[in-house]
Every structure is written in structure tokens, then in C-alpha cells.
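Provided herewith is a single structure, encoded as C-alpha cells, for subsequent inquiry.
Chain lettering (A, B and C) follows the sequence in which the chains are written, and residue indices restart at 1 in each chain.
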């Protein structure tokens, strides 16, 4: 091309002081309280900018690769929208089962292929540790969008951001985690993040599905005040944040045990009558009956706003690892 | 971000006078003749702009979500291209069978998730009424891209636009609808739209697949002149617009009955010899033998141009509901 | 829209002198040495531009349709990233099995549909000759991204570009092709391109999988010096470019024959000890054990860089057929 045809320089340049520039986002454990506050601050700016102008060119010319070894429409759409609102582009590899991988390609080779095309990789994988393995081989930043029963750090940061945006603080709150606390990846990650704050935790679960001992140990080590319950009634009135999760049928030995628990934990307008007027109800979604649709119009139902906050947190994370925030 | 990093305002702003701003596009019934003329006028402008400059930034920074519960490459590609030629971005959820929905999520929850990410939703769903249900829950505009045997309003508007662009008028024309008039969603919607015009309709179908009585009633109520036939020969010579549709084997009791009808309605160069030199042949596509490929080079074969007109109509609809046209 | 709302003209305009403007890319046979040098030169400029600024607006407002009748994540992602780094947009039709085609639509009809939406078509198809058929019906440029055992011209140009970028010349080199030379599409295309250069070829394959006679004939006709071998040892020391391909189990009558050959051709650090210090190892990927991961950190391992070069060559081809380079 002739010199006259030389393209314009992009509008935004990398920030010299961007603390997450080039970093991977693999685990909530990597985020100090200061780091978390940085994420929440940038996500809040993203929220304001989207409200004002919808999209902008902060990551223009950058490409995000969405590499999903198992389907998660919600998460992949959210990262795609985040990148597009930042002015960047997205390559989606959602059908790994039909791809080179099906021909036997290793995760490292796939990752090294995609880093040749893209500037940041978002990985969803069924195996614990896959994100760390990918990050080891990838020169570009990797964002873990869930690896098996392992981590899903952006979800936990979204939960934290939701609490902060809705209630304007985190310290001093009483947070009740409800449902399957044994296998629920999201409540584990959120509990770990909350170790950085002065919160009171109420853990409400079926007897067979309590918070795992190692996480209780972490809570104790962090000096968090927490108690364990099987009935929501015992703690509802004092709760500021009610975090509801799904109780999966597969976790129970027999159907009756499941049905009993399931019914007991369904959130209805009735439930909310006993709750604080400024309490918020959260849910990582999708929900399958854990929260009645009759609750949706209650201002305390924060779960749809939680989805929207997810957009801002993912915009923040992507912009941060690309050195633009 | 520092103030210096604040992104530019987008080039285009919402029009105060945009009559479809924020509206859903659910049914052809919502379009008065004046509304239809508005769509045709904006689509014509889109055609001119694409011819001159290909793409432009009318909807820059906006995101369209293509939510397809059943596959339709043609429709989803067309909306995607429309949004991209308007300078916007697209999120495609084509694999609903693998998504959260497969985990039991309701349409309202899926829709409320996507409205957190996108500015406009395009929905294809196998069930009648799905688009209206989605629109009820969605704060962002919803465009119905086909709900079962129900509506597919953009297709009908494309058909109308094709007639106007090709023949420069609609009033005064003789329009012949050929094929399966009983189950064909597109001919039902087109017939309804044509009720706003002074056209003569010729309905040609196998005896077992006539236009449903309720639609004939609407035609009558609108004062439209129409007749029903089983042979194309009877009406071809006076036809200005020949709209061909597929006759599906599944609609017949036995194969011979199907083969007889099918053969009788195939459009060949021979057929066209008896037609007006300025007649146009349309088809909603895909075709499976209803029109011989030997007809493709005849200037009266308008069906490929009809596909292209589809792009302009969908650009118009998207820009209109986003308040940009 | 009011005149004030008229969109900006795109930044770049078509080059009058663009020699591939509007052309199809169907086969390596269409590239004279001069043409090849043009591609390599433009691809080199793309490499420099990407290194400096990542993405740019050379093809802004243009749409590329990725039409894949069989899955190839690597190729489709590569073309998508290429178009996005050129500032254009991408429509992906990866699921042809669920689309109109499944309803019986012909390739010509599908192609003529997509040319209404897009500015350039990239086609992957399982049948030899599909790309030529598509190009026959398509008014927009078609790029063949592999048609069965036929051609995959961009891959061969990538291989050529890799050699040139890595070793700064092609004439005078000794190129060793290793593995299944009988069925390997990539080695056939590369061998044909190399006919334009003064290279020495060493063909190393199992006895049952030699280079086909018709290609040997072409090499002879081009005056190329080449020899055939079953052992890599015989030619390794003098090799400048070692091009490794996969030997598929399915090609062998019994497992032992396969295992013997497979083991013999695996590239390890040991293998490289006998090779020139400036030799490069290439592979069209995916690899399944043909090259040990222990080789990856050797500077001679060029196969990951080869993937990256693929981006630049595809950017060049797309920009060229769109008249922008």
C-alpha cells in the first residue's frame, strides 16, 4: 500500500499504569481487596459510560476469542457484548466438539493457535485447572470463564459488584447464601471474595449439602462471623443480601428428599414479606423455580440487574487485561 | 479512566420524530398503509445508501441479539448483515438447544438476560405467540423473525418492497399467489398487507390447499377483488406479480397426488412465454424445484433481487426501532 | 433521513491498480510467480501493520461471509480474525447441516443468497470443485478455503510466506516434505507452488504413501530437482525447510504398519540435533503426535509462527479481492 493509505492510529492507547495489563484472570484468589476495589471502580465507570453513550472505542481494533469447550450462552454472550460495547471484535469458538479438538488437538495447541489471531482469550472448559494450563501456554491474557467445579472468577466479581452497586457498601452487611452450598461453584467463589470484607455470613442449606469444611476454614481464618442453618426463617429478617442458588435433583438420594428441600427454599412474595424492605435477592441464573416469577416486580429482586452488572464487570476485566483501564 | 480518555460521542443520535422508536415489530397487522409506506421509503433510502457506500454508521455502537430457537440461516444472516451494514454489532444465539434453555430456562428469563446485553432482539421461535410473549417481558424492541405458523412480518414487508421497487407501484397490479396457500405463512402475511392496496388477487392452489376462509374473509372485508383457481394458465397472461411458493410433500395423502400438483406448478421458461414481458416472479426461498434454474437468467426472475431487498427492509426495521430512521 | 444525517464516506477507497480486485481465489494454479510475489509482499505489509497497530480500517464497512459446509475452526477463525483486523465484519454460517441447505437448497442458491448480504465469500466444502461452482454463480469474489481433496490455496500461500519470512528467500533452499504425501492436500499444493522457484525437494514418505505420479510429473516439467525417500535421516542434514504432515491411521492396512511408520517420523529434540541450526520445522496443524511438544521451544519450531503468518496472508487475500490492496 502507498504511504497515503496508511491507516489511522487507534483512538485509545494503553495506559502505562494499568495494573492488570497483560495479566490472566484465573481465580478470585488472585484479587486482593485493593484489586477488587479497582475492578469495582472500573466496572462502575463502565456502567456510567454505557448509560451515557452505549458503546465506545476503548478497545477498538482488539479481538476477543471466546473459546467454549462446553456451552454457556449466557457467559459467552455477556463477554461478546462486553467486547463489542468496548468497540472491539469477537471470534466465537462455541463448537469445540466439531473442531480441530475433535481431531485430537491438545488445549495448548488450540490456545497457541488462537493467540495468533486474538488479543485476549476467554476460556470455558469442563476440567479444573484448564484455565491455568491455557494461561501457561498463552502469551495473551486468558480470562477463566469457568473450569469445571473450579473457578468462575468473573461471576464472583459480578456478585460483589451487584452488592456494592445496589447497597452502596459491602462492609457491615449480612449476606445469606441459600441452597446447595456444597457443590455450588458460585457461592464458594463469592464466600472467598467476601473474606476481604467485614460481613456476617448466614449459610442455609439442606443438611446433606453444607458449605465444604475447607471453605468454612477459610472464612474462620479471615475472621468472618458466620453460622450454618437449614431453615431460611431463622436468618431472613436480619439479611441484607439473599443469594439464592439452585438445588439440583441429582444431588439427592431420593425424590422426596429433593422435593422437600426444594419447596422449602422457593422464594415467593410471601417470603419477602418477612424480609427487610431494602434487602436484595440475587441469583446466578438460570433459575428453575427457586424464585417465583411473582417476585420479579418487587424492587428487591436484583437478579436481572445482576445480569446487567455482569456486562460492566466483564467490560472492566477485558479492558483491564488489554491495558486500557 | 481519566477525563482525557472519555470516548467520542457516536456520530448519529436518535431522531425525535422516529415513529417506530422503541416499538416491537410483531405482526403485519400493526402496519397501517401509512406505516407500510414509511417502511418502504426508509428501505429505499437504505438501498441507495448501500449502493453508494456499502455500510455506514447509523447504528454504530448498538448491539442486535439474534435469538434463534430454530435454525434459519437465511433470516439470521440477513438480520446480521443488516445490522453490520448499519455499523452495529451482532450477538448470535443460534444454538438454543445447547444453551441455558436446555437447562430449563423460560423464554422470559432468556429475553430479560439478552436485553441486558443488547439494544434490539430478533426472535425466531417455533411457537405461535412467542414473539408477543418476549415483547411483553422485554424493555428493548423485539422483532419477530417468525413464530411457528404465526407471523414473519419482515418477510411480508420484503415482498411488498420487492413489488414496489420492481414495478414502481402496487395499486392497480394483478398479483397471483401460487402453490400451498393453506399452510404457507408468507402468502398469508402478504395477502394481509395487500389489503391496504387496490390490487387484484389470483389465488392458485391444489384443491386441497386453498387460502384459508378467514383470510378470504379479510380480503373481502377490505374490498379486494380476488378469484380462486387450480390452474395457473387461467390467470397467467394478466398477472403482474407471480408469487410462487413451495408445495410440501407432507401435505398430501399420497405421493401421486403430490407429484401431479408439483409438476403442474413448476415455473419454466415455457411458462414465462405466456406471461407479460414486465411480469416479475417472486419466491420466498429456499426453492426446491418450484422454479427451474433455467428461469434464473430471465429478467423477470426477481427472486434473487428479492433476497437483496430483504437486506434493505431489515436495515430499515432495525434502524427504525432503534430510533435512527 | 435528512441530508445532515448522511453517513461519512469510508476512509479507504478501492485501488485502481489492484490486480486481484473482484477475482476469485480458487486454486494455487492461478498464481504465477509474479502473483505469488504480490501476495507475499502484501502479506508482509499486513504483518508490519498488525505489529504496529493491530487492526486498521482498510476494509471497513465490508462484510465477509464464512460459509463452512464442514467444520474447520482453525480456518474459519483465521479468516474471521483477518477480516476483523482489516476493520470489516463477518457473517459465519458454520452450521450448514441445520440451514436451508438441509431443506434441500442447492449450493448456487445459497451462494446467490449470501452475495446479497456480503462482499466476499469464503467457502469450505467437502466436494472437489464446489468452490469453482460457487464462483461461477457468485458475482462477488469467492475464496476457496478447502474443497474436499481438492485445493486449499490460502494454506499453500501461507506455507510459502512462512518460508520467505523465516528464511528471507525461497530460491536455493532444500525443502523436505515428510509424512503422507499421497493424500495430503497441503503438500500437493505447496509442491505445485514451489514449481515456480529454484528449490530442491526431498520427498520422504512411507512406501505406501508416496507423492502421486501426476505431481511428480509437474515437478519434473518445472525442472525441479527432487528425490524420493522412506527415511528422514538420508536428507535431514541438508534440509532448510522440514515440512511435517500427519500420517493417518486409516491409510494403513494394519495397526503395526501404522505404528512403525508413525514412530519413525516423529520429530523430537533428538531429530533436530542432526539438523541445520537455521532449519525451520513447519506443520499445517493440527498435529497429533507428529512433532513432540519438547520441540516447541526450539527456535527452529516455526509452526506456531506459521499460524500467525496465516493471519497476514488471509488479510492480504481478502484485501486484494476487495480491491483494497
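Basically, a residue touches a chain if its C-beta (ideal position, glycine included) is under 8 Å from a C-beta of that chain, and two chains touch if they have at least 3 such contacts.
What you see is a predicted model; the values in this text were computed from it and never measured.
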Nearest 5 degrees is plenty: how much rotation brings the CA atoms of subunit A onto those of subunit C?
120
For the two copies subunit C and subunit B, is the contact made of the same residues on each side, with over half of the numbers shared, or of different residues?
different
Subunit B and subunit C: spacing of chain centres that average the CA atoms, whole Å
39
Residues of subunit B engaged with two or more neighbouring chains
92, 95
Which residues of subunit B touch subunit C in the complex?
11-12, 15, 42, 45, 49, 53-58, 71-74, 77-78, 80-81, 84-85, 87, 92, 94-95, 285-288, 293, 304, 307-308, 310-311, 325
So, in the complex, the side of subunit C touching subunit B is made of residues 1, 5, 7-10, 60-63, 65, 89, 91-93, 95-96, 98-106, 108-109, 112-114, 116-119
